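In what comes next, chain A is part of two complexes: it sits with chain B in the first one and with chain C in the second one.
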Partner chain A sequence: MLTTGDGSMETTVGVYFCHCGGIITEKIDPALVRTAVLEFPHVAYFTEISLMCSEEGLGDLVRDINERRPDRVVIAACTPREHEKTFKRALAGTAVNPFLLQVVNIREQVAWVVDDPAAATRKAVAGIRSAVARVVHNLPLQKIEVPTRDETLVIGAGPAGMQAALNLAQSGRSVVLVEKHPMIGGMPVRYESVAPNMECGPCMLEPMMDQVLHGDAHDRIELLTMAEVTGVKGFLGNFEVTIRQQPRFVSEVNCIGCSMCVDACPARTPHPYNCGMNDKPAMAMPFLGALPNLPYLDMDACVRATGEDCTACRDACPIPDTVLLDDAARTIERTVGSVIVATGAGLFDAGRVPQLGHGAVPGVLSSIEFERMSSPSGPTAGKIAAPGDTEPQRVAIVHCVGSLDKEHCDYCSAVCCQVAFKFNHLVRHRFPEASITHFHRELVFPGKEAGRLLLHGLHQEKNSFVRYGRLADVRVVDQPNEREVQLRDGAQWTSAGRYDLVLLCPAMVPGDDTAALSALLDVTTDRWGFFEELHTRMSPTQSKAAGIYFAGTCHGPGDIPHAVSEGMAATAAILSSIVPGRMMELEPIRAEVIAERCSGCKICLSVCPYRAISFDEANGVAAINAVICQGCGTCVAACPAGVITGAHFTSEQVYAELRGILA
Partner chain B sequence: MSDATATPTFEPRIVGFLCNWCSYAGADKAGSAQTPYPPNVHVIRLMCSGRVEPEFILTAFREGADGVLVLACHPGDCHYKEGNYRAYARSQMVERLLTQFDIDARRYRFDFVSAGEGEKFVNVITEMVNTVRELGPVGRLDAVMAGAAEHKAGL
Partner chain C sequence: MAAKPKISMYWASSCGGCEIALVNIHEHLLELADNFDFVFCPCLLDTKRHDIEAMDDGEMLITFFNGALRTSENIEMAHLLRRKSTLLVAFGSCASGGCIPALANLTTREALMETVYGSGPTLDNAVHVVPGPTTTVPEGDLTLPVFERTVGTLASAVDVDYVIPGCPPESAQIWAVIAHVIAGKPLPPKGSVLGAGDKTVCDDCKRVKEEKLVSRFHRTWEIIPDRTQCLLEQGIVCMGIATRSGCGGLCPDVNMPCIGCYGPPEGVRDQGAKMIGALGAIIDVQPMKDMGEARVAAHIAEVLDTIPDLAGTLYKFSLGGSLMQGGLATANAATQATTAESTAR
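Coming up: the complex of A and B.
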């Protein structure tokens, strides 16, 4: 059999014509096509099959090819988008390589759209002529097989990352779970309750965190807290990852979490997990109940940083070799097959709208500050108080701080209305007589559960609702012992009430690490700065880089069920794409540089949408990574020397097809 | 197959380079809807419009095409992220080149057709066929060369 694709005259082509059960032949006359086609160079025979995609039709096709043994095959039938794959699979039962097939679309693009039967028949003949001319230049190609690693890197141990790590570990896969904070659980573990059901945040997450730390599959999860990914090289199936882990100064193995070191610590520093609303010792638990149950030493805040030889924590510790004052940062290297990014989102800085008074007017709190204030593990041990440690009887809740606002974030942050009504619930529960005013723009409560929260808040006698138009028309003014919310109408600011507490519900924005991490992973971010999906609706957890997935709010606002589902979805994608012991199969439609003729101009590097092309400095030539290459052919068209071949779409093949059309 | 003569019966031959994911699917969509359109456009399917080399277009004209179409995914929709932008950029150059070769730029058209736009595909094809039919057959290369020689002689 000829495999050179040089279009040699001895190459034989078998042409198969599908009647499509009479649909094609209603317009195109097979007898006329046969007469014309048998005149074309290379064509050895013309066989008609009444319905080629049927089991019987495919059987006839395979049998006929095996009997007549053509070098190449042309099939005139429906669109290749429908059955090219079916026919390629059928060719596996013959000696003809699946890429030595050319399909001519004589149904969707001829029979169904050409009115005049004679014109339709002529167009079908031209199509077959072109396919025959091309197919003799086709080359036999094999699927590319690549060995893969089945370990997964999960970045971020919030609900999305933990769920992904658990599913992977439970299926027998090894996971490296990297968390930059000293504790796991993400944002909701810091909330007194989560919307819409007012469930206690830590209680809801505890079983999941317990599974990660102590569950049946925990030994397959390597949890690295206080750690960040600092380098990623490679591609689907083979990523080399570098992780930098900061010192905890406490042995994770020996520590029993008794907190005696915490009680002994003389240094104080603003509490990072309580938004600086109170102080904590340098040696401290992140907050009460944080998991893993281990303190960490903030060396920047430790008196040792000022040169003092304090060993109070080590002296207080009942277990030897547990407080490790000479602990140091370490670099950890791992090789994984896939990556799940679950780094979460950030909150819009309300200080960017100075007239709202956040940070300047006492009693104006952002949502996370109020979450911590209302939490038993927070700065006031759960006591909700207005400035001066007074009971708040008048509370304003400002919705949409930054959301749905062209000047800030033009999207809806999806959860803040529920957060606002959750705050309403928390205040109402503690202070039944308090008056609560919602300053809102839209009220968004989709889904089967959130509606109850909405109705519950809407129908409270002491609640009132004020709809405002633009955030720029809302301001908070500091008054003696109270704060006044004012609204602007035209040039006039008028009072909309005086309050003890003003709670702001800021938009969800891309997490601080997003830009740096996207550069490390070589994935894109969208116009808002979130990680960008391959397709927001159809591939919502997949990045544009093969083998890298997103879960949770790192790629856009969402709630907890959304994050958990995406953790599972990303896992499913990994489990189905990388199977231990099985080579990864890739379509051979890939670009390749003919190295000996490459001039090293690097133009191809700049046009590749996947950064699949690197420059081989030693030899001064471009090199394409076949695993990363998706076969679009943009570099092939861009190469000024014409030395990049696009497999199955070579220039020679395209020109042959073109000449076949215009012959 | 009609002879290329500049009479009202002139049937132009037009080559269309279509990307697999959007425009080819759009053409199939017109087929599924069984919307008739002129049979003059012959399609070459490529994975991405970014694969279209300017030489493909020039060669098509040299080999006798009366018109050439390049159809791509809409901006932002490219299956390969940005191949359509490359195709668009190259298109701008091709249009200028064609004029230099004395080929009317209206014989070349770049457009965006999505997988759902069967109707737009039919409109683009119909307009293109009508335009090229009015323009008549493309000038043969020898005629162009003769024109160039004449131009040179006049200098």
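Coming up: the complex of A and C.
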């Protein structure tokens, strides 16, 4: 078998023509094609097979190739998207390398679209001529095999990240679970109740959190709280990860969570997990019931930061060597094969729409502030109160704060309508006589469960609904002991009622760390700033970088079941792509730098969507990592010196194909 | 003593710079004369075409053919010198890539004639005299060579053995090739490029190169570029990235961009297309992220408008040898033929 790909005249090509059970031959006359094709250089023979993709047809193909022993094969049949892989697999039973095959699509691109049989036959002949001209320049290629690591890095311990970590650990894989906060559970663990069924957030999550901390597979989950990923390099199967863990000043091993240190702490600081609505000690639990059940010391708030030698927390601790006042940040390095990003989303800052009064008018609360207010672990221990510690009897709920708004976020945030009706439910439960007014634009309640929440809210006697057109036409005005919601009609602002509490439901926006993390991971963000999927519908949990996955709201608004499903989906992708002991098999269609002719202009460095190109400073040349390269050919086109070649798509091969079709 | 091998140099549609570059080998000319019989060079010697015609086929060992093929006479001379030479070398950018003369392919022969002899602002040609192959005067018919429809490279008309690129080729490189032949060293395979490197000008350029991101381009007079940073990174369209090495990086050395005179690098057919691919790769797309489709198109147009003459800039030396070859001249001729046909009908 000739394998030089130099197109020399001795190279023989066998041409196979599929009738597709009569579908192709209805338009294209194989006898005429045969006569024309046998005249082409290199073509040794022309064989017709009535249905090549059938078991019988494939058998005939293999038998015929083994008898006639061509150097290269051209198959004229349906689109290569349908059966090129089938034919390549069949070639495994012959001496012909699968890359020495060229498929010509004479069904979709000829028989089905050309009306005139004579024209169809001419077009089929031209296609085969082009394939023959190309295939003599093809080179045999072998699949690339690389070893892989089966550990996984999961960033973020909310519902999505925890679910992923659990699935992986239960399948026997090691997981490094990195969480920025001192506790796990993500956002819903901070909610008094979760829509649409009004379950208690921490209670709903407790079994999952317990599994992560103490379950059967917990010893395969290395949980790093108060930690952030600071460096990632490498590729699918082999990522080197650097993690920076802040000091907790409390021994995770020794501490029993008795809180005696918390009670002893003399320092006070605004409570970060209650939106600053109350104070907490510098040494504190994140909030009541937070897991792991360990306090943490906020050293910026500690009186030691001002130079005082306070040891109150250590003195109060009943267990020796548990409060560690000289604890320091750690740098941790791990090698993993895959990465799941589950860092969650952020909340649109309602202060960006100043006329809504958030932060300026008392009694105007954002959704997370009201979540905390209604939670027993929150600033008021669950007491819902209007300013002046009064019972709210008139409550306004403003929907779509930032969502579906061209000036802010032009998407629907998916969950805020449910949140708004959940608030309705909470208020109604505590204050049955309260009047509640919803200021909304759209009402979105998809799925089988949420509808009940909608119907429940819609049909309450003391509820009213006001639809507004643009958020810019809604404002909240501070009045003595009450807040007035006003709506604008033309230039005129008119009152839409006076309220004790105004609850804003802001849009879900990309998390604060998204941009920095996307740069670290070399994954892209979309035009809203969320992580960008490989394909929003068909590969929704996959990033554009092989081996890096997204789960939950880090790549767009979604609810808890969505996050949990995606945690599992990402896990499935990892379990099927990285199997312990199995080498990773990669398609050999890769780009390669001809190093001896590279002049180091660095044009190619920024074009690779997979970040497969690096610069070899020692030799002054670009280098492509064959494992990361996906063979897209962008750098081949961009290289102005013509020294990057794409395997199976060399200039010579492409030119030959073009000359063939144009001849 | 055996007769010395014969060498010649011819100019077709060219400026004479190639001959000057040859003369610039200075005293090496004496060595050239010691080793060769320099038989033909209209710029320097008095031998005529009929002297060449009188020679045997293949009698000359080497002919350096510079200049593009613009007229029927250029083409005739290409065929004649091909026949009489053992080795025919496309010498300089005009013969190898069409160079400046081939930029005429961006328009039609008729439009060129009209600009030069008809409507030019400095012309006073009321009777509209335009030169043509035959002009009848009272004394009889005057003839001129035919001004061809397109400008071709030497290889577009005849078989070429080697290429020495450059506008003009660097004298040291010319001498290196001649010295190589004098030394009797084996020549590389037919079709090879001589007197040049196999990398790009960037390889010789001493500037620091980093990852590139350009939001607009500048003409050379618009900014004073930093002397150490890659010019392309500063928004100057430097062709060094897509130009064969061999000159030593002279232009970037004096703070001027490479204009591409050594033509496409090894393995590249179309220098301009490679430049377009590369420029497309370095234009900053970040500002386009939130733009609508129409706005993106407008933005790209704005960025590209900062390069006033794309074809003239990127194909200055290589249009004739590029994938476009005849360029617009061929396309327009075809359109005109179709139009004429439909008009006739």
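FYI, the second predicted complex is superposed on the first by the 663 of 663 C-alpha atoms of A that agree within 3 Å, B and C clash if a C-alpha of one lies under 4 Å from a C-alpha of the other, contacts with A are read in each partner's own complex, and residues count from 1 in each chain.
Heads up, the rule we're going with is that a contact is a pair of C-beta atoms (placed from the backbone, for glycine too) under 8 Å apart; a residue touches a chain by one contact, two chains touch by 3 or more.
Computed from a predicted model, the values in this text were never measured in an experiment.
Peer 1: Once chain A of both complexes is superposed, is A:Ala126 in touch with chain B (first), chain C (second), both, or neither?
Peer 2: In the superposed model, A:Ala126 contacts chain B only, not chain C.
Peer 1: Does the superposition put A:Arg527 against chain B (first), chain C (second), both, or neither?
Peer 2: In the superposed model, A:Arg527 contacts chain C only, not chain B.
Peer 1: Check the residue A:Arg81 against both partner chains and state whether it touches chain B (first), chain C (second), both, or neither.
Peer 2: Touch status of A:Arg81: first partner only.
Peer 1: Using the superposition described at the top, determine whether chain B or chain C touches more residues of chain A.
Peer 2: Of chain B and chain C, B contacts more residues of chain A.
Peer 1: Kindly classify A:Val607 by the partners it touches after superposition: chain B alone (first), chain C alone (second), both, or neither?
Peer 2: Both chain B and chain C are touched by A:Val607.
Peer 1: Quick check on the superposed pair: does A:Ser651 touch chain B, chain C, both, or neither? Answer first, second, both or neither.
Peer 2: Both: A:Ser651 reaches chain B and chain C.
Peer 1: Going by the contact rule set out at the top, does A:Ser599 touch chain B (first), chain C (second), both, or neither?
Peer 2: Second partner only, chain C.
Peer 1: For A:Lys544, using the defined touch cut-off, is the partner it touches chain B, chain C, both, or neither? Pick first, second, both or neither.
Peer 2: It touches chain B, and chain C stays clear.
Peer 1: Tell me which partner A:Pro640 touches in the superposition: chain B (first), chain C (second), both or neither.
Peer 2: In the superposed model, A:Pro640 contacts chain C only, not chain B.
Peer 1: Touching chain B and also chain C: which chain A residues?
Peer 2: In the superposed arrangement, which is not itself an observed complex, chain A uses residues 607, 634, 637-638, 651, 655 for both chain B and chain C.
Peer 1: Can you name the residues of chain A that touch chain C in the complex?
Peer 2: 527, 597-607, 634, 637-643, 651, 655
Peer 1: State the interface residues of chain B toward chain A in the complex, per the touch definition above.
Peer 2: Against chain A, chain B makes touches at 1, 13, 15, 20, 24-25, 27-28, 30-32, 34-37, 39, 42-48, 50-53, 55-56, 59-60, 63-65, 78-83, 86, 90, 122.
Peer 1: Considering the complex alone, what residue numbers of chain C touch chain A?
Peer 2: 198-203, 209-213, 230, 232, 240-242, 245, 264-269, 274-275, 277-278, 280-282, 289-290
Peer 1: Any idea which chain A residues touch chain B in the complex?
Peer 2: Residues of chain A touching chain B: 79-81, 105, 107-110, 112-116, 119-120, 122-123, 126-127, 130, 544, 589, 607, 609-610, 630-634, 636-638, 646, 649, 651, 654-655, 657-659, 661-662.
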